[in-house]
Structure formats: C-alpha cells, structure tokens
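The next part holds the structures, each set out as structure tokens.
In what follows, chain A forms one complex with chain B and a second complex with chain C.
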Partner chain A sequence: MHDIYNFVSGPLVWASFIIFFAGCLYRLISMAVLARKKDVFVYEYMSFKFGLRSILHWITPFGTVKWRKNPFFTIVTFTFHICIIFIPIFLSAHIILWKESWGVSWWYISDTAADVLTIVAIASCIFFLVRRIVLPEVKYLTSISDYVILAIVAAPFITGFWTYHQWPGFRIMGILHIIAGETMLAAIPFTRLIHMIFFPFTRGYMGSEFGAVRHAKDW
Partner chain B sequence: MEKRTLIIYTLIILLGCIFAVMSGYSQEDVTTVEDSAFEKKMRPGVPFLHDQHNEQAELDECNTCHHVYEDGKLVEYDSSEGQECSECHTINKGDNPISLVNIYHLQCKGCHQEKKAGPIMCSECHPR
Partner chain C sequence: MAEPAINKKDEINKVVDEGIDKGIARLTPEKIKQVINKVLASETGARLKAYVETCVHCGLCSEACHYYLSHDNDPKYSPAGKVKQTIWEILKKKGNVDPEFIRNASRIAYTECNLCRRCAMYCPFGIDIAYLMSIVRRLCHMLGVTPLYIQDTAHSHSACLNQMWVKEDEWIDSLFWQEEEAQDEISSLRIPLEKEGAETLYSVIAPEPKFRAQLIYQAAVIMNVAGVDFTMPATPGWDNSDLCMFTGDYEMMGRLKKAHFETAMRLKVKRIVMGECGHAFRSVYDVGNRWLAWKMPPIPIIHAVELYYELLKEGKIKITKKYDKPVTFQDPCNIVRGKGLHEKARYVVNAICEEFIEMHPNREHNYCCCAGGGVINTGPQYKMTRIKGNRIKAEQLFATKARGAKVIIAPCHNCHGGIEDINHHFGLDMELHFLGDIIYKVMEKPE
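Take a look at the complex of A and B:
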C-alpha cells in the first residue's frame, strides 16, 4: 500500500498537473492558430468591452434569458460548478497535503461543510445524467463521451465521499480517489471539459459579434 | 478485633492497593494522541497504543519521537517526553492550526513513509 500510495500521490500528481497545464496551453495556442487560419474575423471582431459584457451576464445566475427560462437548471448548474471548483481547493485534507509537500496553506472549510457540498455535487451529477436521458432535446445531442465526461467529473467526489465516511474498502477507495482526481485534471485539456479554459474566449467572441456587429444582446 | 472485621479490613486495604497500582499503570498507558493546543477537533483524535507501537516498531530510545531541538539542531541525548508537541511547536490562539497539524503528520506519517510501515492515509489514523 505504501508504494501505491507514494506513486499515486507523488509522480502521478506531477504528471497530471503537467498534462493539465501543458495541455491547456497547447489547446489555447493551437485554437488561436486555427482561428487565425480559418476565420480571421474572429480577431477582427473580438472586442474586450462587448466580450466582457456577455461573460458577466452569463456568469451571473439568472443574468440571461436562458438562465431565467430554466430556473432549476440554472440553480443546479451554478451550484455544481461552484462546488467542484470550491471543494477540492478548500478541503482541509487537501490543504494538509499541500502543507506537507510545499509548506503552503490557506483558508479551508470545515469537513462537515465539505461533506454537505460533496452531496450537492454528486446530486447535481445525477441530475445532469437524468436530464441527458430524459429530455429529448438533450438526448438528441448526447454521445457516449458526454457520459464519460460526467463519470470523470463525478468520480473524485463519489470516491472522496466514500473514503471520508470510511465505508468498506476505504483504503482502496482512497487510492482510487487520488487517481480519479488526477484523471479529471488530465482529462480537462483533451475533452469538452476544456470549456473551463475556453469559455471566456467562446463566450467573449459571441458577445463581441452580437454586440459590435449585430448590435444585439446574446443573453 | 473480631475475625470477620479483620477479614473485611484486609480486603478493603487489598482492594485499595490494587486500585492504587492499577491507576498508576493506567496513567502510563497512552492510548490516544492528544494536544491541548487543538481547541476543537475537525477529525477524531488518533488512537495510539504507545507501548504496543514502540514494541512493534522496535523503538527503544524515547527521543526518537520525543526529540529536542536547540537553535535548529537536534540535541542528541536530550529528550522531551511528558511535554506536548505544542509547547515547542507553538501556535497562537485562533491561529490556523495547520502548522501544528503538519508537525504531527510529519512525525507519524513521515516516519511511516520512511520505514514503509504503518498507516499513511487520512482515514487509517483518524477513525470515524
């Protein structure tokens, strides 16, 4: 167990962070190059003012027509995104590991709070899964990769919850939890999870075109 | 003195002796890792059978764990048993206790990793 733990919490962490950062950088650069080659007007129309205006509307709950039309979806999607970014960064157990490895630490949430937020995150994943299966318009656009991505995102939270509550097999689950987190991090650049990095640009461009060219709102 | 009274007195004194000796032993028996500097615990304290651990780990010297440092240097023949870690590794009231948590983790997990023996994952030491 020591060797496995040391491997997944050592070299594999390095690998996943390097893949994450290098992969995101690669995706950003290659997308920028592709955009210049295929559609020069992306750069022509890109406007900081209109781009930011659109982004701000879309990252505000109920700030767009789409958000207002689907209030439940809006609440779930915002809570979900806040949870999956917030929990891993501010979990005390993670901060202890940062402290052990790098001597750095920061503010953290209580384990009870983390527990509740994790349940919310897992429940949100179940909601997204059901939504994909039940809603015809979403099902039509769903491919296998969407389920895989959902599983990749849900896995760290399910395994983490399992380990924390020390249900049977929690040692193995703890190892799987670390691997699941690393898988998610490494998968971001190469799946549609890249929207984490791309959204300011895609949304920014749409906002720019709608604002500067069509003189219309895109929210 | 009647024979019965004598027997009762003897029994009381005997029980008293056993109690005194037992309580002396139980004071020696360390069963958890405790530090008064932790005002409220996020995770349950770590069960730790001091003697059993040291027998298993073949630790003879107290200062393997109960070390003393002076000016950043290990004092080889000094030891600090009976002291709480937080007496030297101080944290202020209301401070982020992570640094104190960390020195406990270094002491336990650090050694376990070095020796490739003993628990190293969160839930292996902090039971629910």
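Take a look at the complex of A and C:
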C-alpha cells in the first residue's frame, strides 16, 4: 500500500504534469504550424483587439445574449468552471504537499469552504450528466466519450470528498483520488477537454472576423 | 446510450432532384473515399480540426438555428446536429461512406443550412458551423452531387459570367430600355454605359435585368437626382452575384469575382456600389476576394444601404413626404452579420418612413429568411423545406404585425424570395419592399 502511495504521489505526479504541459504545448504548436500551412489567412484576420473583446464578453457571466437566455445553465457552468480550477489550486491539503516537496506555498481556502465548493462541483457534474440524458438536443450530440470525460472530471472531486471525510475505505480512496487527479490532467490534451486551450483561439478568431471585417458583434 | 448519426427509420424528406439523383447514381464508395480524402487533405487544416476537437457537444448552439426552432426543436436540425450527420461521420469513417450518406449530406448542406452564421453567436467557442457546412458543399460539388437548379445557375455563371443566362445584348438592351422609360419621368436622366473614370460603378445581380428591371430604373432615378457620377459596364463582369460560392465551385467563384473586379479596374472607377443584395455582398466582400488572395476587396465596395445612407445624410436626396405606412425591417444576415450595416439601415428607414417598428430579435440576432446561402436557388422542390424550416420567421413577423407593422422592408433579393413565400403560406398579408422602392416613392424629383 505504501509503495503504491509513493508511486502515485511521486513519479506519477511528475508524469501527469509533464503530459499535461507538454501535451498542451504540443497541441498548440502543431495547430499553429498547421494553420500556417493550410489556413494561413487566420493569421491575417486575427485581431488582438477584437478577439479579446469577444473573449471578454464570453467569459463574463451574462455577458452575451446566449448566457442571458439560459440563466440557470450560465450560473452552473460558470460556477463549475471556477470550482474545478479554483479548488485544486487553493486547497490547503494540496498546498501542504507543495510546501513539503518544493517549499512553496500560497493563500488557501478554509476546509469548510473547500467542502462546500466540492459539493457544488459534484452537483454541477450531475447537472451536466442529467442534461445530457434528458435534453434531446444534447443527447443527440452525445457519444460514450462524453460520459467518460464527465466521469474523468467528476472522479477527483468525488474521491477527494470521500477521503477528506474519512469514509470507509478512505485510504484506498486517497490513492484513487491521486490517480483520478492525474488522469484528468493527463486527459486534457487528448480529449475534448482541450477546449480550455483552444477556446481563446476559436473565440478570438470569430471575434476578429466579426469585429474587424464584418463590423458586427458576436455575442 | 450514444445516438447514431443517422437513424435509418427517420423519414428523410423525399424530394426528387435530378441533380442529386443522377450524381449519386454515378458514385461508388471508392470514388467517394478518394475525393473526400483528397479535398480534406488539400483544402482543410487547422480550422476544421480545431472546430471538431473543441466542440464539447453541449448543444448550446441549437436555439440559434431557425430550422431547429421551426421544427419543434428537432435535434437533427440543430447546427451541431447537422455537423454530426455530416462532417463528424466523414472524419470518423475516414471517408468510407456510401452514396446514400452523400445524398443525405448534400440535402443537409444545400437545403437545411443557410450559412447565415447566427449559430456562431450562440456557441461559446465561436465554432463556425457555416464554414463546416461549406466544406460539406465543397465535397458534394467535387463529387458531382449538387441540386439541379442551383447547378444550372452555376452553369450559367461559367458560360456567360452571370446567373441567369442573360446575353450581352440583352443586358445592354435592358439598360437602354430602363433609361428610356425613366426619361419619360426625368428627361435628362442617363444610365451611362462604359464611362471610363466615373466615380462609381453600379453593379447588380442578373435577376434585376431579367425580372426586376424596375429596380434598375429606380436606382438610376436615385443616382441621377443625387448627382452620383456612375456608370454601368456593357461587358460581362456586370453581374456581382455568385451561386458558385454556394455550390462549392470555388474555382468558378474566383473567375466571377476576378471578372467583376477587373471590370471596375478597366473603367477606372473609385468604387463599386452594389444593389440591394445580400449574398452578392458576401461574395465580393468576404468570400470571393479571399479566394483571390485579397484580404479585403481590391477596390472599395459598398452596399446600396451605405449609398442611401450617404445620400440622405448629405442631403443629396430630399424627402417630400415620408412613407406613411408603419414599416418593419428585416436585417439581412449577409450585410448585418456580414458588414454591420444595421444602424445605417435604420437611419435610412427612419429618414424615409414615418413609423418604424422593430421586429424581435433584430440586428445581428435577426433570424435568417431561410432563402439565403443558395437555398432558394435549389429550386421549387425545396420550397416547403424553406417554408417549414422558417415557421419562426412567420411567428416573428406576426408578432411585429400585431404591434402595427404593415410593411416589411428587406434590402436583399433572397430575403424577398424567402419572405414572400412565408407571407403567402402563413397568410401573413404584409407588403414587402426594397429600400429603393420606398426612397423612389418619397423622394423629391425634378419636374
């Protein structure tokens, strides 16, 4: 058990971070090279000002017509996205680990706050799941991989919550939690989770076309 | 759990279209695979890849599409739903799809998407579904599976550089004829042909000389009264329309735009002003120029709305008495999502009409007329596709009528076609006009 723990909390962490960073960098660079070769005009039309204008509208809750039309979805998706980025970075238990191995630390949230946010994150995942099953327009687009991705994303939060509350089998859960977190990180470059990397470019490009060429808003 | 892209049980709109039927009969799976892979490898790249891999299958784009809304939220008509039935399958199967798949893809891309780009404003990632549907059209074009009627216009384009088989002498005759007619009203009026060094080249789409010659008459009156130094070409290249852009025949699109730009260069004009047409504007301002590697058109091109705005704002046209029926305004996607002309259009409408009632949604968010993107050019077989696919437009217009509007103004030929059909089918009973119709009616003219 101890050996497994050491392995998943040592080499595997390294591996997952390297896969995540190198993978994302590779995806970005190869996409940029491909665009240079095949869609070179993308570089011509990309406008920093208009791209950013569109991105800012879309990352602001209720900043677009679409967000305003679906207020419940908007609240859930923004909370969800904030939670999944915020919790792992500002969780005291994670920061202790950083401190132990690297001697660095930063501001963290209280355990109670973390607990609440984790519940919110899990609830949002359940909302996305239900939405996928219930709404015909989402169901139609859904493939098995969408459920798998959702499971990959939900797993670190569910296992982490379990471990923190020391429910039965929490030691194994703790190990599973680490593996789940590593899986999620490593999955980002190779699944639709890559949307976090590509978003600024796809949105930015549409914003540039709409803003600089077509003199219209795209939100 | 996972839904199949195409459910065999689905009743597929049964339409007899010789263009598609004969094209399909010639296909074999090997040929399909070869053509698809060749086109995808040589003509697509980062954009296609990024759009397909970024899409999180969230369905948020659905409510953007008038087809989806008009078919009681049937997911097969949602923007991403159309991509699923076409591009995703093609990529997943690496081009190994059968002729029936291509038949279905052709129907979806040519008749169930207007390339109106409304969905790009509803997808958080700005995924350009219109671009993806254009790729499907390009594939169908390369496979020779295009709807008959629109292919006929493409043939006309390639044979005589205009959309409607208008011969050179017929074109010139039409202009002389309209000039003569208009001289009964204003004796000094001219439609100058081939005037080198004129400030403005006035260009129209081929349906104007063919069916709607009064539009040339009206434009001539407006420009003569306002003192615009204009000319019209007597050679091919006068037609700014472009259905090749919509069939996926980009080589031909390039030839058309080149002929058009070169005509303007030959006449040494300072700019091109085009009549009230949406798709032609998309072709000269956005798509065709890019094919020719011009980032922006090589010569300034403005749409009629901008000309009217200029003339009214500068007082070159005076209004005797504003149009008194309450009007509403259809924002054509190709000049609103395509050039942001919505505020200028409103300035014009308010300058010439007493009462203006907005339809909702409006401006960038207006629903497409369902005729655009070449869909109306696919012919009468698909008339009901357009009408059933845009019940939402009828609802939008009924609501505007209930608030008092009696007249719809649409500065776009296709919008007229689409809205006319909706008008009749749903018993809307509203009048439909171009901006030019009304300006001509209410402007001050010399005795």
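Heads up, the rule we're going with is that the second predicted complex is superposed on the first by the 219 of 219 C-alpha atoms of A that agree within 3 Å, B and C clash if a C-alpha of one lies under 4 Å from a C-alpha of the other, contacts with A are read in each partner's own complex, and residues count from 1 in each chain.
Here is the rule we go by: contacts are C-beta pairs under 8 Å (C-beta built on N, C-alpha and C of every residue); 3 or more make two chains touch, one makes a residue touch a chain.
Keep in mind that this is a model prediction, so the values were computed, not measured.
Chemist: Would you check which partner chain A:119 touches, where first means chain B only, second means chain C only, and both and neither mean what they say?
Modeler: After superposing on A, A:119 lies clear of both chain B and chain C.
Chemist: So, A:192: does it touch chain B (first), chain C (second), both, or neither?
Modeler: second
Chemist: Does chain B (first) or chain C (second) touch A:56, or do both, or does neither?
Modeler: Touch status of A:56: no partner.
Chemist: Looking at the overlay, what does A:138 touch: chain B (first), chain C (second), both, or neither?
Modeler: Only chain C is touched by A:138; chain B is not.
Chemist: Would you sort A:174 into first (chain B), second (chain C), both or neither based on which partner it touches?
Modeler: The first partner, chain B, only.
Chemist: Decide which partner touches more residues of chain A, taking chain B and chain C as the two options.
Modeler: Higher number of touched chain A residues: C.
Chemist: For chain A, which residues are in contact with chain B within the complex?
Modeler: 1-3, 5-6, 92-93, 95-96, 99-100, 105, 107-108, 110-111, 163-166, 170-171, 174
Chemist: Considering the complex alone, what residue numbers of chain B touch chain A?
Modeler: Checking each residue of chain B against chain A gives 42-43, 96, 98-99, 101-102, 105-106, 109, 112-113, 116-117, 120-124, 127-128.
Chemist: Taking the complex as given, what residues does chain A use to touch chain C?
Modeler: 31-32, 34-35, 37-39, 41-42, 44-45, 54, 58, 64-66, 69-70, 73, 135-144, 146-147, 192, 194-195, 198-199, 201-203, 205-207, 210, 213-219
Chemist: Which residues of chain C touch chain A in their complex?
Modeler: Touch list, chain C to chain A: 1-3, 43-47, 49-51, 53-60, 62-63, 68, 73, 75-76, 78, 80-81, 84, 120-122, 124-128, 286, 290, 295-296, 336-340, 342, 364-365.
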